[in-house]
Amino acid sequence: MDYQKILNEIDAELKQTPNSGQVASYIPELSTVDPNKFGIHLITTKNQHHGLGDSNERFSIQSIAKALSLTLAFSLEKDQLWHRVGVEPSGTAFNSLVQLEVEKGIPRNPLINAGALVISDVLVSRLSDPKKEFLEFVRSLAGNPAIDYGSKVSASERVTGYRNAALVNLMKAFGNINNDIEEVLDFYFHLCSVEMTCQELAQTFLYLASNGINPLTQKAVISSSKSKRINAILLLCGFYDEAGEFAFKVGLPGKSGVGGGIVAIHPNQFSIATWSPKLNSKGNSFKGMKVLELLTTKTESSIF
Amino acid sequence: MDYQKILNEIDAELKQTPNSGQVASYIPELSTVDPNKFGIHLITTKNQHHGLGDSNERFSIQSIAKALSLTLAFSLEKDQLWHRVGVEPSGTAFNSLVQLEVEKGIPRNPLINAGALVISDVLVSRLSDPKKEFLEFVRSLAGNPAIDYGSKVSASERVTGYRNAALVNLMKAFGNINNDIEEVLDFYFHLCSVEMTCQELAQTFLYLASNGINPLTQKAVISSSKSKRINAILLLCGFYDEAGEFAFKVGLPGKSGVGGGIVAIHPNQFSIATWSPKLNSKGNSFKGMKVLELLTTKTESSIF
Amino acid sequence: MDYQKILNEIDAELKQTPNSGQVASYIPELSTVDPNKFGIHLITTKNQHHGLGDSNERFSIQSIAKALSLTLAFSLEKDQLWHRVGVEPSGTAFNSLVQLEVEKGIPRNPLINAGALVISDVLVSRLSDPKKEFLEFVRSLAGNPAIDYGSKVSASERVTGYRNAALVNLMKAFGNINNDIEEVLDFYFHLCSVEMTCQELAQTFLYLASNGINPLTQKAVISSSKSKRINAILLLCGFYDEAGEFAFKVGLPGKSGVGGGIVAIHPNQFSIATWSPKLNSKGNSFKGMKVLELLTTKTESSIF
Amino acid sequence: MDYQKILNEIDAELKQTPNSGQVASYIPELSTVDPNKFGIHLITTKNQHHGLGDSNERFSIQSIAKALSLTLAFSLEKDQLWHRVGVEPSGTAFNSLVQLEVEKGIPRNPLINAGALVISDVLVSRLSDPKKEFLEFVRSLAGNPAIDYGSKVSASERVTGYRNAALVNLMKAFGNINNDIEEVLDFYFHLCSVEMTCQELAQTFLYLASNGINPLTQKAVISSSKSKRINAILLLCGFYDEAGEFAFKVGLPGKSGVGGGIVAIHPNQFSIATWSPKLNSKGNSFKGMKVLELLTTKTESSIF
């Protein structure tokens, strides 16, 4: 498969289409990004690289980081993890308190905000220096010790993160948060602020296309079985209220962030990252969704 | 009407009935109260006093205080107050986040927790020393400068009040809280900790049976029109998810608290306070509800 | 109290105010009414009559009839009636299936559509010829044998009443409807189609201002205790999602219908009916609400 | 891969485990089935057959038929189909009216009852003799003209199907049902009553493992792209409120029915059908779920 040619075709086609949507504005630090940034990077499991556009410029990966904190927590915990967070699609907006209240403080899955806060609580319990150790984990996946938190973004999040504070307080009321609320929120806001390029992002997630093996080190990040399960969660829950639409039109496990990034995985074939800051009404990158839809249409290939 | 005779009859009848229910246990300081405490005090608008039992022992008035903070806020604010909180019954449990999320951070009424937190925010904005001035307001109604906050209870609330913290954070996310969250919560937990006897409680609420006039000072606490409107809110919203049941069986405006107290008002006739710590499944005093039902049955008199 | 003078003043004031709102359009037969129709009729418990405008023209009383079917059912049943329908405000729109599903087919109160369908089912079980006997009941209250169903309206309802069919099927699924669905719906659509003038409506509801006694016959329609309880239900549940607003601003038990009618009761004083077809966004007559608000403001008199 | 050996191992293992759960009892005709029935049949895309147990005994396929009616409707309609029904997981119980009301009569996906009723409405509009033509469609997939509706089951469904009648009436109220309600329900109850053996069921669904081609006729049932999309819907929505759990543990698109059947597809590899009437608390066959979980564990193979 000549992926470079396909990516170039997609790029050419999308130049004909207006780039709709709005840049995320709820955090000041996100709203200042150039809305016309656009990058793609694809890495095959045979280590072939294909990219274009602004694929070497860093941006805030935001919720994409939730797949990484999930991986780290799942590698440290056994199945009792799933007593504290479900694996079902949420069926409602990504930060809904309604579901959380009805289901007694157990979030539907680890990729909605509430679930990611529970995962953060797990890591705060498990790690002696959570922020440092999480960053090391991400750096080892990306193969780049320069990956870091975006300090302005995490500070910005803390100031406006009242809804996340509501979520974590509610779960604490239900007994599903063990640590100090401020410590959990601080860790959570940091992990969402990690900055990467498309290339780094595609590299970081390649273990999910490789049965849990980090291709850079040949070491297991997580077992093959757990790797498949994370892919299942990504497919069902990775795109907020648009997960079904993404599975329907693209057919790959993936995760998006409000910074405009999307990462998707074709098991045993490739991982791909896209970046375009304008978001559709569901909070997913408008152009990134189009790229991935065109990719699986042109390759006539999805997990289905 | 010989109210003392009627109260004695009620007392005698209730001695035949088992006192069901559970003492509130979510705050340690509340759970240690003697479950068999029982007091009634009724004061007519002609200043006749009738009481029995433990009517001169102080207890934590809890949510009953929300009617007082509402009165103070309504006396300071014009109708724009009702842009921030509604006057509709909640139709769901008293601390539901579901309704608050669906209705964009506007609580249904000022007597549910969320609404009382908005009222607290109003008072924190309006008063220069909110805790001190609120206490002075209550003392002037009770005619007793010894009325005070129960410090153990308010501290206890703060430790376990994660759900209230969730509510106030959610409303802050919707832009409906103007002050610092900790300051609003601190004021709220204090007002709920006020301690009174049945006699003091009946005295305190007599202004609502007297068209807004404090009978002790003959000064207007609030206008006659606003006094009627507070009574309307009490009737519709004063008993959590059991407001309809109370209106149906008792037919008086009133307010209950999880400390086991209930206050009720018959406009132009009397105010009455009861205390019995065991709560029914809806969170209202089991025996207090019975007292008031028997009272309006025996007097064949309600607002309807 | 010179009620005629007050009504004339209200009429004069409202002529200065634009008459907002929309005539109900979901049934063709309702949408053809002249939107400028306007009538008031007040009858005191001493049988003094005061009226103005189109107070002797008949209109479809719609949901107001639900208070009458409730009265008839409550007079026939004991308290077990309340195992099948609650007495709590609904807190949501008047025909919501959400609440009904969450609460296992038990409607919150007898004045929302679901509750009125349960009351209809009770009457279908209890009466040998339900439509005939209900009409006789209404005629005896109105003192007029010419009162009748509006046949075009009831036929019109049946054609478009899919939401009511959904409600009754859902309750049947929960075991809370005993009779044939079509028979219950037919009775329900008929009772909502009853046509009356303001004068007839005020006369019909005078028993609720008279402790359950029909002033025309001096016979008890229902016991005094039950009469008070129906007033309590009217106050809490009579105006859909605007019940709190009505209690707050008007302070009287009442019931509205989408035909533009409203009836309100001041116990031991009067009953009043208004008619103006334009409805506010909550489905209550815009001008009728204003009339009643002005009435209790000018008389400085409400149940509170 | 020696599938027969693996199936035999699974069978042996499951004999060591208690068979939990309850046979569906809401329809009398389903409750009389022998709870110990157990069959498996797997067919590879190379037409290899492997089976065991009661795999040649017919049972009521129930909701599994919804995947077939969806296929037929999707083959007849263009993308405007998705204006009437979504492709998102439901996040709530399979027959919830709550979601339907909130989302204005548009079901979340075509596999919940409401969505299947919309699909039925589409087929009633599109086909001249819907019941006959649907049966022919199923027979051509199964390669067996003896496949038929279970008349007792469909009659039984009609009698108790009040909740489905509620759903279809509610959608009609929202304008999302075009045909007569009784005709839609009759078609729906028939399609759910189709009876097949495990072998017939596996054969019938083999087109979804074969890019939309019926292997028996080599004709396209549906385009390759649409076939992938149906698989995506099956993965996200095929197991009621347990879809995430199934994707997480099994990792294959599939569909279950309350008759105890499950069908699952591994694209380009096989289709498999299981039958065991005892259902877990989510309404899916307890033993069938175990079979499929063991299958993908033992083969270390899923779509992820």
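For reference, chains read A, B, C and D in written order, and residue numbers begin at 1 within each chain.
Basically, a contact is a pair of C-beta atoms (placed from the backbone, for glycine too) under 8 Å apart; a residue touches a chain by one contact, two chains touch by 3 or more.
Since this is a predicted model, take the numbers as computed values, not measurements.
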Farthest chain (mean CA position) relative to subunit B: D
Rounded Å distance, subunit C centre to subunit D centre (Cα mean): 47
For subunit B paired with subunit D, centre-to-centre distance based on mean C-alpha positions, whole Å: 55
Junction residues of subunit A, two or more chains touched: none
Contact graph of the chains (line, ring, star, complete, other): ring
Pairs of chains found to touch, sorted by chain label: A-B, A-D, B-C, C-D
For the subunit A and subunit D complex, residues of the former touching the latter: 86-92, 99, 108-109, 224-225, 227-229, 231-233, 235-237, 241-245, 247-249, 251, 253, 267, 297, 300, 302-304
Of subunit C, residues touching subunit D in the complex: 96-98, 100-102, 162-163, 165-167, 169-170, 172-173, 181
